[in-house]
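Labels for the chains are A, B and C, by order of writing; each one numbers its residues from 1.
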Amino acid sequence: MFIKNTWYVACTPEELAGKPLGRTICNEKMVLFRDNDGKVSALEGFCPHRGAPLSLGFVRDGSLVCGYHGLAVSGNGKCASMAGQRVGGFPSIRSFPTVERHGFVWVWTGDAAAANPDTVPHLAWADSPDWAYGGGLYHIQCDYRLMIDNLMDLTHETYVHASSIGQSEIEDAAPATTVDGDEVITSRHMERIMPPPFWASALRGNGLADDVPCDRWQICRFEPPSHVMIEVGVAHAGKGGYHAEAQHKASSIVVDFITPETETSIWYFWGMARNFKPEDAQLTATIREGQGKIFGEDLEMLEAQQRNLLANPQRGLLKLNIDAGGVQARRVIDRLILQESSQQQVAEA
Amino acid sequence: MFIKNTWYVACTPEELAGKPLGRTICNEKMVLFRDNDGKVSALEGFCPHRGAPLSLGFVRDGSLVCGYHGLAVSGNGKCASMAGQRVGGFPSIRSFPTVERHGFVWVWTGDAAAANPDTVPHLAWADSPDWAYGGGLYHIQCDYRLMIDNLMDLTHETYVHASSIGQSEIEDAAPATTVDGDEVITSRHMERIMPPPFWASALRGNGLADDVPCDRWQICRFEPPSHVMIEVGVAHAGKGGYHAEAQHKASSIVVDFITPETETSIWYFWGMARNFKPEDAQLTATIREGQGKIFGEDLEMLEAQQRNLLANPQRGLLKLNIDAGGVQARRVIDRLILQESSQQQVAEA
Amino acid sequence: MFIKNTWYVACTPEELAGKPLGRTICNEKMVLFRDNDGKVSALEGFCPHRGAPLSLGFVRDGSLVCGYHGLAVSGNGKCASMAGQRVGGFPSIRSFPTVERHGFVWVWTGDAAAANPDTVPHLAWADSPDWAYGGGLYHIQCDYRLMIDNLMDLTHETYVHASSIGQSEIEDAAPATTVDGDEVITSRHMERIMPPPFWASALRGNGLADDVPCDRWQICRFEPPSHVMIEVGVAHAGKGGYHAEAQHKASSIVVDFITPETETSIWYFWGMARNFKPEDAQLTATIREGQGKIFGEDLEMLEAQQRNLLANPQRGLLKLNIDAGGVQARRVIDRLILQESSQQQVAEA
């Protein structure tokens, strides 16, 4: 139920500061660590000596040292040393390919031979001085596809986020969904509406009037395995909407990397990239706090929905026009999983 | 293991104030809500759109609106509206018959066609100005029949409630159990005993001496599915006991509605109805607090007993004379469940 | 997976003060209590009346009285009395042989007929005025054999207890393991090392210099079912090490009684016996506190190791020279379990 031959966001660099990080990704229990040269590695979290979790260990020279009896394992999974022992014949443990790029650590849980760092998604905003990024991480007990559904159907903002980004005009504007290869795009445009609190604040922050009619847009882009980037913004009405010039609008990109932990839990890396006032760290912090609060509102709903679905496995769900983004994203995922499965069968035959 | 074609207490009106209430009754996960006209409804707690729990929704006009994407469902389970959608073809969800009466909301989890509001138990004290009622709700992890056993054998008061209503004379007085149709009655009378603390306090509250010998009675009445009303009281000795005139006694009715949640958990609505000083709200509050503390003493025992029974499924239990009330109540329950099962087989044949 | 015909430490006398103690040992759910004559008994924790846990009861005369309806059970498991009942025909419950000796209560979960108090381990230090003992109890979620492994391979001190008793010289000194009947002995001797903080403190406490080279020893003795006594100490270098005279060394016995609760949890009775300043109660308290802190460091590791092993049942573990003590101890255990199993088959044939 997961695409395996792909890059998932495993953690942020901050999470690796000082000590190893135990984390399960796509059901693989692993430990991530940064060695003294700064290189990040991911190993199976199981010491071959006595089965202690390597996440309780520490980094020494280029190796991760088990915190129980001191077996040291290199980033490639080979036993490097152990006091008083010859480790040549010790079994290796699995090493997962990793790449650190764009402010995230990416990990590959599929066939290591197929891991190509060049296929890590390109995030233009991540490496440009014209952009600033702030974000956070939530651990949520739900199927990763429920979060994709959530992000590809922003109708829920009217209900779940009524006090910040929701407004009734969202559900009055029918979205349009298109599929382009593996990418799914759901767009919604609202015209001549009053901006809701979050966007009123963003307009003011940009030195723009917040009490005039605006055009608002939401363009959700799903890419496998489970990334959703959403272009969002408002422009003073009649200035071109999405295509308005910078001085008439407030806009940003909502960034969502959804990393499956198990079938029913995720690591949800959320954030916002903006190309105005990128040097303003205080603004980054303020936006991050506001977004964290808003996105936190989804947690209770998603976890309750997940429990409800598990308790009612026989129930079908509706697939309305507003659900098209999630439905199409699931089709892409299913196709890629099937493809991996076929390739594996060929490889094994 | 539950009687289904019957009325259970689902909740109190206070629990419905302001927002919908999610509750499981007889393994049915439901949401209860009061619409703008004051009518209470109970729906399956599953939104037909994407499976969100309707208990996270809100009431608008006559409908319950899902808190995720806004599908509105009427009290009869039919989809009423959704912004931008035609809901005519949407599937309905199950609606459970409800009645609000005697200060409680009653729900029917069986065959809806058989639900007759006239069969809600008649509670004379609930609608009379001569009586006052105060009570509370406990959520307990035990089979509802263990709570019936508990209430039909008050021998346990000597041990579990030693400091309030227990006294050794209880176990010295053998109870008598009779069965009248579906009703089971266990009576116990103690003569010329000193009143225990709770009853000494009640006598004083009634302006009666508390340091004189009294006659004490406990008349437990079980009615299906799982209601137990207990007439309890003390009278100054020699004044007629249970039949003494009002100026010689302190008495009340202990009210117990035991609503199964699952096989091993209950919603326990407990309370006390009294026909003295019914206008004294402070007295109601005091009694309620005292009773809540006493009845809370049963929780640890019942939950520990339940765990012990689950861990020892092969063990038989004793059925002594003091257990006759519970044993007979279980026979009534078993007979009615069998009867429902037979009727259903006939209906399906 | 447990040796049954043997004595386990069930509890300390302090744990029985005032009220009965519910405890599970080798999967047997029992209640321990001390009667008015001071005799300790252990009964199955299940009241034959209605299945209430007897651990919620109380002691009256020579019996344990159920806290629900008052059935009294004698230490031999026979029903002794119940108000208003003739208990002659009531079923008995299982009684487990117990012995109180050497400051512990010992229990036998196997064939009661085979229980011989003379086979309770002799603990010379426990009853001698020349020795003092202090200890504690930890409840740990791990297989009891993981704790035996832990104690028979003190290499882990360097990693888990780096700030107190660990030092790199431990892993540089290869241990030697010998087997003598059912006893397994792993010894390690370090020469001319500087004492780590714990031992430096002990030397000072003994009026000895702590800044001079020392010889250090650790002699771990496993005896079935799961007792590990460890002779530990340091002596000023060149004074004979383990055999040095008292005025040149600081030494003690680390006491470990590991009582299985379930397959994956233990009651771990740890302590230290010393033969210096036995009358100094303050010293006993100080050592106890220090040891409690150090031994607490093992908990996280053992529980994490246990979870890791359960999640990876197919994985093999290494058996290095440092693991020989644990490996040999498991062989003794396996042999004795097999022996019990054979005897039982013969008995049943």
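As a convention for this text, a residue touches a chain if its C-beta (ideal position, glycine included) is under 8 Å from a C-beta of that chain, and two chains touch if they have at least 3 such contacts.
Remember, it's a predicted structure, so these values are computed and weren't measured experimentally.
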item: Fitted rotation between chain B and its twin chain C in degrees, CA, nearest 5; value: 120
item: Equivalent interface positions on chain A and chain C, same or different at half; value: different
item: Cα-centroid distance, chain A relative to chain C, in whole angstrom; value: 48
item: Residues of chain B whose C-beta touches two or more other chains; value: none
item: Residues of chain A defined as touching chain C within the complex; value: 29, 45-46, 48-53, 56, 65-70, 83-85, 90-91
item: Chain B - residues contacting chain C, complex; value: 149, 153, 155-156, 158-160, 168, 171-172, 174, 300-301, 304-305, 307-309, 311-312, 315, 317-318, 320-323
